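Labels run A, B, C, D and E following the written order; every chain starts at residue 1.
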C-alpha cells in the first residue's frame, strides 16, 4: 500500500448547533486523485474547509504527509503545499489578473517551480488578454480560470478544487480536465468536487460519495463502476 | 405586535413605565427631570440616526446637520419676543428640514459607503462654519431663545413648556411616538424593501425596486426627526450654538447608537442612557473622567458583540 | 495678486499639500488600502509629536528623539492591533468607529495627564535651521523644504510598495477577502499587524516631522483627522496616487482661497470634496 | 441660611479638550485663593463641586442647571470659553447664584447680556487690544495689517485695536479673519510680506499663537515687520515659541514679571503649591477666588441674601497680582493695561499702556 | 409571427475601453420559446443579459420590448415591465431566510410598498407566492433557513426561486444550473420545460445537455460577435461552433 498524502480520521464538524460532518474518514494516497461527490448541501465544501482548517472540526484528525496538521492555522497548512480553488472562486475584486498571479506565485516547499506565471497564461490564453483588468471585470468563466491559475502558481502537491469547472465552456472544461490529468501525471494529487461523474470517473483513482455528512461510498473507479447504480441514486435521489 | 423580539417586549414597556411615573416622585423642577429630559431628547436624535445607519445602511457622520437645523430654524423663523405655537412650529421645522433633506439627499445619495459618510460630514461642517461665521446669528457664541412657544390646540392648552415636568412628558411622548413610528415603518413592506436594499442593493434594484426613492424617503424621515430632536433641545434650554452642527455631535450620537445596538432602534434609548449615565458617573468621580469613559467604551465594544441590546437579546431570547 | 505673490502662494500650497499627504499617508494605508476605519489616526499623529517633544527635552537631539519616538509608535501600533483591532475584523465596520473613538478619549486624557495642557514647540534641528531668501522681505526655511522632500519620498515609496510589490498586493487582497489570502498560505494576521503598525508609525512619523513647524497642543490630532479623511476620500479609497493628488488639491485650494475667498475659506475643502464626489462618486482616482 | 451653613461653589471649567490648559490653570489659581480662606474667623465650610465643560457650548446649560438646581450653588466659577459662557449665562442670568467668569472675554457677557449676578475677573475682549492702537501710533506705524481667527474674541480684539488706531489717524491696510481654529498661516504670512505694512497686529492664543509666531519667524518676517498683539499671543506660549518670539510687542492686563508686591507673593505661593509658576489664567482664577472669598468674609459667611452678596462684591477692590482693580458698573474689571516686549523669553514690561481702563460695556442696561 | 417578438435587440454593443464585450448583436426573442445563448467564456453572454435587463447601458444600439425602446430606462423599470433575471454569481440576501428572500421578490407586484399598512390578505398572497417559488425549485424544506447558511448549490436554487417569485413574462437566466447537483439540474430542466409554455425565456448555460434539450432556438456568441442563431441541430452541426465552443462532442468521453 502506498503512502497516504492526506488522511482524515473521524472528523466531526458543526456550524453552531447543526452537525454537518459525522465521523468522516478517508485517505488520499500520494500522486493519486480523488473525487468527492454528493448532492447539494451534503457537506462536500464543509469537508474541504475542515481539511484546510477554515472551518475547524470539533473533533477528529487531519494528517498531511504523515503529519497531524489538525491544530495548525490555515496558512500553515497551505504552506505544506496545498492549493485551494474555492467554490464561488474567491477572486479579489481590487486586484488585476496579473496581480492575482504575481501575488500567489511561489515555488513548492521542495523548490519545484514548474508552474509559473507564463505557463498559466499559456494554459489560459484568455487571461492573457485580460491582464490589467480587475477581478470584478472578468466574466464568470475567466474568473474561474484565474482561480485555478492562482492555485497552480503555488506549485502545490495537493490541489483541492471545489466545483472548479462551474461556468466554464465545454472546450475550456476539457482543457481543465486535461490540466488536472497532466498535473496528476507530474505527481500532484488532486481532490476534486464536481458533479460530472463521467469525467471524474476517468480522471480520479478514488471516489468518495457523501450523504448528509457521512461517507456513503468510498472506492476505486472499478468499484464505482460496480456500484454505479447505487452511487447514481445517492447523487440524484 | 410591532415589537418582534422578546427583549423589546420586555425592555421597552419597562422603560416607559418607569419613565412615566418616575417624575411623580421628584420635585417638578428637580435637576434630574431636566437631565433625563435632555437624555430623552438625545435618544430621539440617536434613534433617528440609528434608523438611517443601522437599518437603511446610510452611514452618515453629518446627522448633526439636522440637529442644529432644528434649533436654528426656530431661531430664524420665530419673532424674537413673541410666543409662537409649538405645534405649528414643529410642523414648520420638520417640513423645512425634510425639504432640505430631500434636496440634499437627491444630490448626495448617489455616493455610497465612506463617500456618503464624508459628504454628509462635509455638509454639516459647512453649516457649522456658516453659523459660526454669521454675525446675525451670534457667531460662535450662539443665540438665545427668549420666549418659549405656547402649545394650545384650537385654543386649548394643556402643556406649559416652562414647566420642566410638562416638558419632560412632551419629550417622553415624542420618544414613544418616534419609536413606534420607526417600528411600524420597518415592519411594513416599505421597511422590508429598505432592509433588502441595505443587504444587497444590486439585487434589490434587479427585483424592480427604485432603491433611490426608498433611501431618499428614509433620509427625509430620519432627518426630519433629527431636526425635531434638535428643536426640542434648543427649546429646553432656550439656547442654540453652532456646536450643535459639529461632527463631534454626530460622532457622539453614532457612538451611542452603536453602543446601544446598531439597527435595533430601541437600542438607541439604551445606548444614550448608558453613555450619558456613565459620563455623569465618571464626571462626578474624577477630573480624568475621559480616560475612564474611553476605557469603558473600548471594553464594551470588545465584550458586547452587538451592543447592549445584542447582549440583552442573548440573555433574554429563549 | 501679483505674479510673484502667485508663485509664492503656489509654493505654499504645494508645501501644505505635501505636509497633508504626509499626515494622511498612514491613513491611506490603514483606511484606504486595508479598509480599517481608524478614527484614532489623529491621536497617533499627536503621540508622535508629544513623544518627540518629550525626548527632545531629555536627550537634546532631534534625530535621536525622532528615532526613539518612531520605534515607540511602532510598538504601540503592534499592541493596538494585537489587543484591540484584531478582535473586530469579522465584525461590522461600525464597531471600529466605536472602538477608535474610545481610543481617542484615552489618548487625549493620557496626553493631558502625562504631558499637561500647555502648547509646546520643538526647535528646528540645527543642521536644517537656515533659510533661503525668497522675496524682498521673506525667506523660505530649509526645514520645510526638507520636510517636503520627505513627503515626496514617502509618497513614492508607499505608491511603489502598495502598487508594485507582492506585499502591497497581499494587503489589498486582504481587504477584499481575508479568508482567501490565508488560503494562499499567507499569515494574514502577522501581515495585518505589521501593516497597521506601519500605518501608526507613519502617522506618528508625520507628527514628528511636523513638530518643528507646528505647535504641539491638546486636540492637535482631531484637528488634522478630518482634513486627512477629506484628502483620502477625494483621491479615492485604495489609491495612493489619489491621496497624493487629493492632498495637493486640498493644499492648493486652501492656500489660494485663504487669500482670494476668505469668506468661504472655512468651507472650501468641503465644497471641493462635495464637488469632486458629485462628479466622481468614487473619488478622483477611482478605477 | 444660618451662619454655620455650608457655602457651595460650583466650578465649570474646561478640564479636557482644547481649552484644558487655561481651564485647569484657572482652577488652580481659584483653589489657591480658597485655601487662604481656611484660616478665617467664621466657620462656614466651603464645598466645591467641579464639572468639566470641555469646550462644548451645547452642554453648558445642562451643567449650569445642575449646579443651580441640583447643588444649589451660591457661586459659580467659570468658564474659559466664550460659547460656553453664553450657554451658562442663558441659565444663570437673573438667578440667585452669582457667576464669576475667570477668562471668557466675550463682550456680551458684560455688555448686552450683563446682569447683576454676573461678574468677570479677567477682561473684556476690548480691553487688552484697545490700548495697542495708540501704542502703534506712538511708534510711528501708519499702515497696519490686522489678522486673527474669525470668532468672537478675534473679531472683537481687532475691532478694539481699529477703534483707537483709526481714531488717531492710523490706516488699516487689510483686516483678515481666518477660519477658527485653522493654523495654516503660511498663505497669510506671504500676503503680509507682499503688502509690506509698517506693522502687524494679531490676536491668537494657545497653540495657534505658538504656530503663528513660529511661522512668522520661519518665513523671515521677524525683524522686518514688527509684530504686535493682544497679550495672549505670548502668554504661556513663550517657551514653545522660543527665539521666534523675541521682540514681539503685546498689551495685556498682566505680565509675569510685573513689579507689584502682590504679584511676587502670589507667584511664590503658587509655585510652592503646584511646583510651577502661574500664568495669566491662574491669576484670573485667583482673583475670581478672591472676589468670592472677600465677599463671603465681608458678609461674615452669610450669603443667603443675594442682593447683599451682589452689592458687596460690586464694591470690592481686589488686591490682584496685576495691581488693584475694581468692578465697573457692568461688573468687568477696571484695570491697568501694560505694554510688554519679549526679551530673552520673558515678557518684559515696557510701560503702562493704559491706566484703569474701563470697558465701554456697550448695550449694558445696568 | 412578428407579433410574437417580445424582446429585440438592434446592433447592440457594449465596449469596455478597448474590449468589445458585445459587438453589434441583433437578436429577436419570441414569446413562449426558450432561447438558448451559448459561447465561450468571455463571449459577452452575461453582458448581453445585463443590457437586456437594464443593469448595463449599451454603448450603442437599442433594446425593444414589445416594440418600445427601453434601453434608456432605469433597471427597475425593466422589472416592472416583466423582465426578470437571475445572476451568474449568486446574488441573494444573505441574512434573510429563504422565504424572506422570495417574499421581497414577490411583494412588488402586490403593491403597497410605500404604504405602511397593508391588508392581511395581501400579505398572505405574498407569502403564498414566495412559498410557491421555493417549491418550484425544490427548496421547500429550506423555507426558514438563513440564506448564508445553506449550501452553495442550494443558494443557486434560491437564486432561481427569486426570479420566479417576480412572476415575470420574460425570464433571463444566467447559468442557472451552474453549481447545482445532477438531480437539482434535472429538476430545473423540467421546470423550464414547463415554464417555456407560457414565458419567453433566455437561457445562458454551459451545461450542454440542458441547453440542447431545452432550446427552441440557439444563439452562439463568440468574442462579442453574433455567430449563428438557429435550431439546436443546425448549431451543433456548424463547424465554426465546434471550433470555437463545443470542441469534440461528448467531451467527457475524451478526457484522461
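Convention: contacts are C-beta pairs under 8 Å (C-beta built on N, C-alpha and C of every residue); 3 or more make two chains touch, one makes a residue touch a chain.
What you see is a predicted model, and the numbers here were worked out from it, not measured in a lab.
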Contacts common to subunit A and subunit B (chain labels): C, E
Please report the minimal path length, in steps, between subunit D and subunit E on the chain touch graph. 2
Chain pair showing more contacts of the two, B-C and B-D: B-C
Please tell me the distance, in whole Å, between the geometric centres of subunit B and subunit E computed from their C-alpha atoms. 44
Using mean C-alpha positions as chain centres, tell me how far subunit C is from subunit E in Å, no decimals. 48
When the C-alpha atoms of subunit A and subunit E are each averaged to a single point, how far apart are the two points in Å? 29
Per-residue overlap in subunit C, given as positions that touch at least 2 other chains: 108-109, 112, 266
Going by the contact rule already set, what residues in subunit B reach two or more other chains? 129, 132-133, 290
Among all the chains shown, which pairs meet the touch rule set out at the top? A-C, A-E, B-C, B-D, B-E, C-D
For the complex, give me every residue of subunit B touching subunit C. 53, 59, 107-108, 110-112, 114-115, 118-119, 121-123, 125-126, 129-130, 132-133, 247, 251, 254-255, 258-259, 262, 288, 290-291, 293-298, 300-302, 305
Show which residues of subunit B lie in contact with subunit E when the two form their complex. 184-185, 188-190, 192-193, 195-196, 199-200, 202-211, 214, 217
Using the touch definition up top, name the residues of subunit C that touch subunit B in the complex. 37, 39, 84, 87-88, 91-95, 97-99, 101-110, 112-113, 226, 229-230, 233, 237, 263, 266-267, 270-271, 273-274, 277-278, 281-283
Along subunit C, where are the residues that touch subunit D in the complex? 2, 4-5, 8-9, 12-13, 15-16, 108-109, 112, 116-121, 123-124, 131, 133-141, 143-144, 213-220, 223, 254-256, 258-259, 262, 265-266
Mind pulling up the subunit D residues that touch subunit C in the complex? 16-18, 20-21, 23-24, 150, 176-179, 181-184, 186-191, 193-194, 196, 206-211, 214-215, 218-221, 224-225, 236-237, 239-243
